[in-house]
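Quick one: the structure is below, and I'll ask about it shortly.
Labels run A, B, C, D, E, F, G and H following the written order; every chain starts at residue 1.
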Amino acid sequence: MALDEVTITRAILAEQLRILMEHLELDVGVVGGGPSGLVCAALVAERGKSCALIEKKLSVGGGMWGGGMMFPRIVVQEEARRLLERFDISYTEQAGNYFVASSVEAVAKLTAAACDAGVEFMNLTTVEDVVIKESGRVSGLVINWTAVEMARLHVDPLTISCRFTVDATGHDACIASLVERKTGAIRVKGERSMWAERAESQVVHHTKEVYPGLIVTGMAANAVAGEHRMGPIFGGMLLSGEKAAQLILERI
Amino acid sequence: MALDEVTITRAILAEQLRILMEHLELDVGVVGGGPSGLVCAALVAERGKSCALIEKKLSVGGGMWGGGMMFPRIVVQEEARRLLERFDISYTEQAGNYFVASSVEAVAKLTAAACDAGVEFMNLTTVEDVVIKESGRVSGLVINWTAVEMARLHVDPLTISCRFTVDATGHDACIASLVERKTGAIRVKGERSMWAERAESQVVHHTKEVYPGLIVTGMAANAVAGEHRMGPIFGGMLLSGEKAAQLILERI
Amino acid sequence: MALDEVTITRAILAEQLRILMEHLELDVGVVGGGPSGLVCAALVAERGKSCALIEKKLSVGGGMWGGGMMFPRIVVQEEARRLLERFDISYTEQAGNYFVASSVEAVAKLTAAACDAGVEFMNLTTVEDVVIKESGRVSGLVINWTAVEMARLHVDPLTISCRFTVDATGHDACIASLVERKTGAIRVKGERSMWAERAESQVVHHTKEVYPGLIVTGMAANAVAGEHRMGPIFGGMLLSGEKAAQLILERI
Amino acid sequence: MALDEVTITRAILAEQLRILMEHLELDVGVVGGGPSGLVCAALVAERGKSCALIEKKLSVGGGMWGGGMMFPRIVVQEEARRLLERFDISYTEQAGNYFVASSVEAVAKLTAAACDAGVEFMNLTTVEDVVIKESGRVSGLVINWTAVEMARLHVDPLTISCRFTVDATGHDACIASLVERKTGAIRVKGERSMWAERAESQVVHHTKEVYPGLIVTGMAANAVAGEHRMGPIFGGMLLSGEKAAQLILERI
Amino acid sequence: MALDEVTITRAILAEQLRILMEHLELDVGVVGGGPSGLVCAALVAERGKSCALIEKKLSVGGGMWGGGMMFPRIVVQEEARRLLERFDISYTEQAGNYFVASSVEAVAKLTAAACDAGVEFMNLTTVEDVVIKESGRVSGLVINWTAVEMARLHVDPLTISCRFTVDATGHDACIASLVERKTGAIRVKGERSMWAERAESQVVHHTKEVYPGLIVTGMAANAVAGEHRMGPIFGGMLLSGEKAAQLILERI
Amino acid sequence: MALDEVTITRAILAEQLRILMEHLELDVGVVGGGPSGLVCAALVAERGKSCALIEKKLSVGGGMWGGGMMFPRIVVQEEARRLLERFDISYTEQAGNYFVASSVEAVAKLTAAACDAGVEFMNLTTVEDVVIKESGRVSGLVINWTAVEMARLHVDPLTISCRFTVDATGHDACIASLVERKTGAIRVKGERSMWAERAESQVVHHTKEVYPGLIVTGMAANAVAGEHRMGPIFGGMLLSGEKAAQLILERI
Amino acid sequence: MALDEVTITRAILAEQLRILMEHLELDVGVVGGGPSGLVCAALVAERGKSCALIEKKLSVGGGMWGGGMMFPRIVVQEEARRLLERFDISYTEQAGNYFVASSVEAVAKLTAAACDAGVEFMNLTTVEDVVIKESGRVSGLVINWTAVEMARLHVDPLTISCRFTVDATGHDACIASLVERKTGAIRVKGERSMWAERAESQVVHHTKEVYPGLIVTGMAANAVAGEHRMGPIFGGMLLSGEKAAQLILERI
Amino acid sequence: MALDEVTITRAILAEQLRILMEHLELDVGVVGGGPSGLVCAALVAERGKSCALIEKKLSVGGGMWGGGMMFPRIVVQEEARRLLERFDISYTEQAGNYFVASSVEAVAKLTAAACDAGVEFMNLTTVEDVVIKESGRVSGLVINWTAVEMARLHVDPLTISCRFTVDATGHDACIASLVERKTGAIRVKGERSMWAERAESQVVHHTKEVYPGLIVTGMAANAVAGEHRMGPIFGGMLLSGEKAAQLILERI
């Protein structure tokens, strides 16, 4: 078959536009493609909600790819083992009820599950601002290409609307920090020193709606709450993503 | 259960060392985690060969994540549709027998398949040199942390051995270029201008053993052969990865 | 009237896609938005040809904005005065039959004229490669976002087709250089030292089809021909753009 | 006619000096060449006031060139449609009474109109400081080459006087911020989160003289007032520029 | 004997892992390889305590290598002469009871002594955080590769535990500052202006346990205490390292 | 005793000047402070020759500090074990007659030995050029501060004379390359691919006087000879430094 | 005569050391080589005081070289004309009793005069800190090579003593700011907006001893006092330097 | 007297324009403000020729400010002593008939002499190209602001004419290299290794007209001739500048 470059271009543009137009008004906008964001997105999409995951980098997965100090393994405790199994991530058991998995496999399997559930990925995209109108609720995300920011170009953003926004941006808690700066209505307390046990046990507790329409999850949840830092262990993050999905599904 | 940071650290180090020690002498070392590298690695590992995929970045997937001009879609032609299906990548059909898939899903599914097949991923790792001894064959890879190079530190590399090395590094054809520079025995001709039809139809043909022990695949194969540039279409790359795996399985 | 951010986003995306889809197969692709490119694009579009001007920067106008050494004035000689008048650019006359205009006005008026003629502008867009197939003719342009290159991201390009390509990229003669590197069929000799009189008198002469489908204009024409460098004077560039348009209109 | 480089140099220097000397004591100094600055400058110059527009970049137009997320289209609402027509900018109508125009054409036409009205452009020029004497009024601008700042050279500035200064520098509100820092007499509250409807409806209201001799317009007006952020829509900015011109013409 | 690259790699990995596993639970973690850190580490290890010295750079020695203004000599006063002798550092005597030594020799001899005493060096390693649990005591160090930070990669750290941590990081007092930021329980006052005599006489006094489990030494001790800056003289730093070792040996 | 900052300054300057003046006319100038340079310098100084080691970085030791891939261990084979013992470097024995030592200890002990032998260290110093007069012999080194080069300042160098110069600058073979570029009389062939066994067995052979007055050692010797690259093993480098010292002692 | 590079090196080192040793205990240390610093240094040295001028750049002259906006002319008013004449700087008279001189000539003549008066120049030297002992007086300067800071090297400084220190570092008022930060005893208010007349008339008034042993001059004097910014006019700076010299000569 | 900022601005612009207009057609254009350029410019201007010195940096003096390795002293041999005296540069005599002067004084006095002789300085100015017309003679210089190049702006240059051009740009021999690249008629051989005696004795010999209208002097003369490098000694450069002036005065 003869290949035609312009037809290929047309196919990409047409398909992308069609999908993008369908995702300008979302049920859920998840910001940040680390483990808690991926789990949350997969679970809400699986239940039929329209969901996009907005990731500022080229690839999703965040810091999980690198394991601990570039040794590409992650550790999960007993409580979260069922999530490894749910997402088909293989593991070995170590002394002390720890389960070690390949960090690369973990990212691939969580992402694949989110794709299968119907999550639309907007990678290379930065959230510059949120929309808050008279209702005093986060009702939209102001997005731009990350490349525009990296290249220090002056280009205006566009806007999508979301019934719920999930801040899964890690310890910077970017969206909660934006809301803090713009409204003063919440306070991002910042992570305290590392104390894995406590941080792991509290992260699900801190996963909550911190401002109307805005749910925080994973390290962002702990950072908003002023909780201790999580150790190099991912169980709490997976469980927190699950909790975030539950909170949304209850409200929507 | 009480969590202990040091136990977690110990678990990561012990597991990583165990696996690393098992992968110092490989059947196949695939360099570069783009589509052809992932396919090749998955297929040889599936057949029980020990295989590591060495990727210099934090994440695998290469340029595939960004689709075309940051519109995260990829196009595959009819000939390669069966590979989409084999790797469980969903697609829609467009006019002219083109199949459009999500670029994010494509990366995730290929990576997941490679993991399931038993490929060991060494990400954040750069190949500095190859081992060529009196046999005149590429018999090992000299590796270092990418971070060392990025931080411009002066730190020596380590070495692993491979019965076969696959250069899946894209149009730079890094490994073939290293062999060209060190031995003068091969020549990397470089890509010619874009002509998608021809490049797609030739890439499987150019996938070959260009030096004893060294197989080139994907854009690297076309770059070595002085072939035209491939359009924004991924069928040829998937097929080339499959061909590379076949060549190795025939020889090993 | 109530304003809705998502409706605005939708309006921009829909309109842009509609126009882009209409401009994937062009009569003329002009690369570079300096004076000769703008004149050429305006004149071919005025005659009903579909034409896009591809500019790698955020703004068109190139070096013309800055006049000479940041003094924002440009000089035009008698021969090109009629083009100032044609594009409604005001000027004052100086001793020796030189006409001095505001460099800002010159950019604005040439760009406005091109818009009125129906030229579609693709700014922030880089040409990475050309399409040359078995016909041995430049038949398309491989484009990407400039921001992708500036941010050193690895993202694949898309392709548009053009019956004629105009290289108006200045003394780098980027498109001609690409063709030189990929085919070896032409040679870009490079500018010689400055000699304004000769360069001005020859630039129209050097404006020609240097490879099937590729016309060079302005400083790019002189650079390909190994002509002397043009002084801080813009008459020759305007006349060269006019000549390029004529060459295309004769052939199309 | 023989061309002489030195005569050309002499023509540029003489003409530029003549014009510059006429613009050291201005009626109006507009700082920032985005849409509100261009409209304001065009309208005051049209009424015979001496006016210079000082722009720190090489080109005027600001963020308007890039449309929304590099899709080069801008949207204007019904209230500002007459300004599109006044400046001869073509548009198409979209659902919901939105009018979409080419961002490139918009910049070109606004700039051309300002040139025709007699505005003098000082591009590549940064405002380092303002002159405030015993009268407690902004009575001059301290300017330098932007290139000097970019090259981190230590070179002193020069000064021009203005009866009125217009801060059209966007959401940084550079001139108002300078006055805040130097006098403490005003406060720049900063933009709040995005809420296009409210921001658009208030920007004309916030366009005012915030300190004797200093008028804020466009995004700078909203930033000083602590107003919500404007969506990717330009009607309010055009209307704000018109209002700024009216305020000056009433006072001068 | 035939050399085998993979055997060498295996030897390095196996030996390093063995030693690392033995040093995950330390008696003493010294952070910073300048003179006071080296002296402290050497003295505690000499008494049989397990001790690692964590240094963020490739080499230990800190600012001592460069002497004063790149003249590679250091000065020690009478009180510390015995430490020069203890570590076998040769010197000459100058007027006024000052002893001048080679800065290179000083680093080499202190490091050699620490090695002989059994200190394990973790160079190229950054301390990102500390572990503080319910006991309110610094009980561990959260470490990462310095190269990861220099290359701006997003990779998670690992953790080691220490009964005592020594902050020997110089005037930044990095560990004390971390504890200040995370707990608010101590205050790092910062260095005052230079006054060598006073600073030298007080540095031993300021060497103390400033938070449970955390001892400060050398310039870090003076920085925490708000003491004057030390002159280009190293006696106080050596004595402070000795004091830090004594404090630990009393408590352990 | 009262401390006086100026007296300390005076002591450093006076002592440094005295020593520097004694080292402007050297028997041996060793360039590069890696293992072969340190061994060579220690051995010639031990025999009473005046010797300076010129190192461009702040610290000596070169790449040895980082071991292999930042695991701070080095490997030495049987042939060089006696040099570990001679320099009092402790080691453990691994399978296959390899001896593993701490990379930090190795640097410290070699440096300490060189100091004890009377080598003068000029660290932070770059060699910009060599002196070659009518005799056609390298008779001096043109030196400058490394900081001057790093800060891109324009400052002239100074010159010292050496009866013999040792190029111990690693695989760049900086001094041999300078001589190649300036005289054309020698040729630096560059390293070939890695082959540890051969490289180790040949490095002592390649350690020779390649130009009158210039001896190459370690990786520089192999790079000049076009030899294969050395593995992550240091025995050959130690032996090569010993050979370089012998060659000089025979000639001087 | 035969030239010998080592003899030249020896001559430079010996002469520089001799002079440096004579300048470690100064009557006056002037920091900053702009116009006020040069005038002050010249006048105190002329009266036989030992004086060094410490300049962080390679060349003295500061911002004066570039005139106004890179037009290399400076303006002086009537009151300071006698200083132009005293330092033999030629000028032309312009309307309004302004005197215009070449900025290059001004730097050269002021520097030449300082040299003739016996000022010792320490260029490429940064002041890192001041010495303040129990007397509560600035009694010394802690200096380092600027190149060390530019190259981000970690190297310790040296110290010189001064009976008086002059802060002539311009509007940053570096030395006064150091004293403010270290003691809290003075306050640097910062420059207000430009108002040339007032700033010129007040700068001599603000030239004073702001802390025991520390005199501020030129723009630093105005910055400490919170005075308005000086216009592009140098009379006040020359007069301020003269005043600073008088204050010192009265006290010494 | 009341000061007015705009009057000052006007004075600078008017005076600068007047002088610049007088210097667009020069007898001599000296490029590079190091010692040989300054001497040459001073001597031709003293004889009444119109002469401008074009310097790309903010300050003239080049590498002379920094002496040798930042020790600010220069050495001159007996033959050039009379030039020190002619330019009123004080010196001390060292063993071996060397004369040591302050490098700062040397720059200041040479520059002051050039100013007194009537040389016009164009600092912050880069020579981008030369004018060579049918006569085959360098007849003009194409200049731009250095800041434009440093800020990577795209701005066109202006042109001045010169009867003679002097390349005093140091070992890069920038102007000769431009002529080599554009015409191929001359060859710049590049400096050989350091040999002070020979280089000093030959530099006057190599000072010559290497292309019609172009005279090379100082290090540029030696670089063109492929001569040895000059030591840290300035006599030859002063004598070469004198010779360049003589060559011009003979021809003009």
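As a working rule, contacts are C-beta pairs under 8 Å (C-beta built on N, C-alpha and C of every residue); 3 or more make two chains touch, one makes a residue touch a chain.
What you see is a predicted model, and the numbers here were worked out from it, not measured in a lab.
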item	value
Centroid-based (C-alpha) most distant chain relative to chain E	C
Turn needed to bring chain A onto chain D - CA fit, degrees, nearest 5	90
Whole-Å gap separating chain B and chain C, where each centre is the average of the chain's CA atoms	40
Inter-chain centre distance, chain C versus chain G - centres from mean C-alpha coordinates, in Å	52
Distance between the centres, which are taken as Cα means, of chain E and chain B, whole angstrom	43
Distance between chain centroids, defined by C-alpha means - chain G, chain H (Å)	28
Residue numbers of chain H (touch at least two other chains)	5, 8-9, 12-14, 58, 66-68, 70-71, 124, 131, 140, 142, 145, 147-148, 153-155, 158-159, 194, 196-197, 231-232
Interchain pairs in contact, sorted by label	A-B, A-C, A-D, A-E, B-C, B-E, B-F, C-D, C-H, D-G, D-H, E-F, E-G, F-G, F-H, G-H
Chain G - residues contacting chain H, complex	1-5, 7-9, 11-16, 58-61, 65-68, 70-75, 77-79, 90, 92, 94-98, 100, 102, 104-105, 107-109, 111-112, 115-116, 121-124, 145, 147, 194, 196-197, 200, 231-233
Touch list for chain B against partner chain E, complex	5-6, 8-10, 12-14, 17, 20-21, 24-25, 58, 124, 131, 140, 142, 145-148, 150-151, 153-155, 158-161
Residues of chain A touching chain E in the complex	62-63, 65-70, 192-198, 229, 231-232
Partner chain C, residues of chain H touching it in the complex	129-134, 140, 142-145, 148, 153-159, 178-179, 182-183
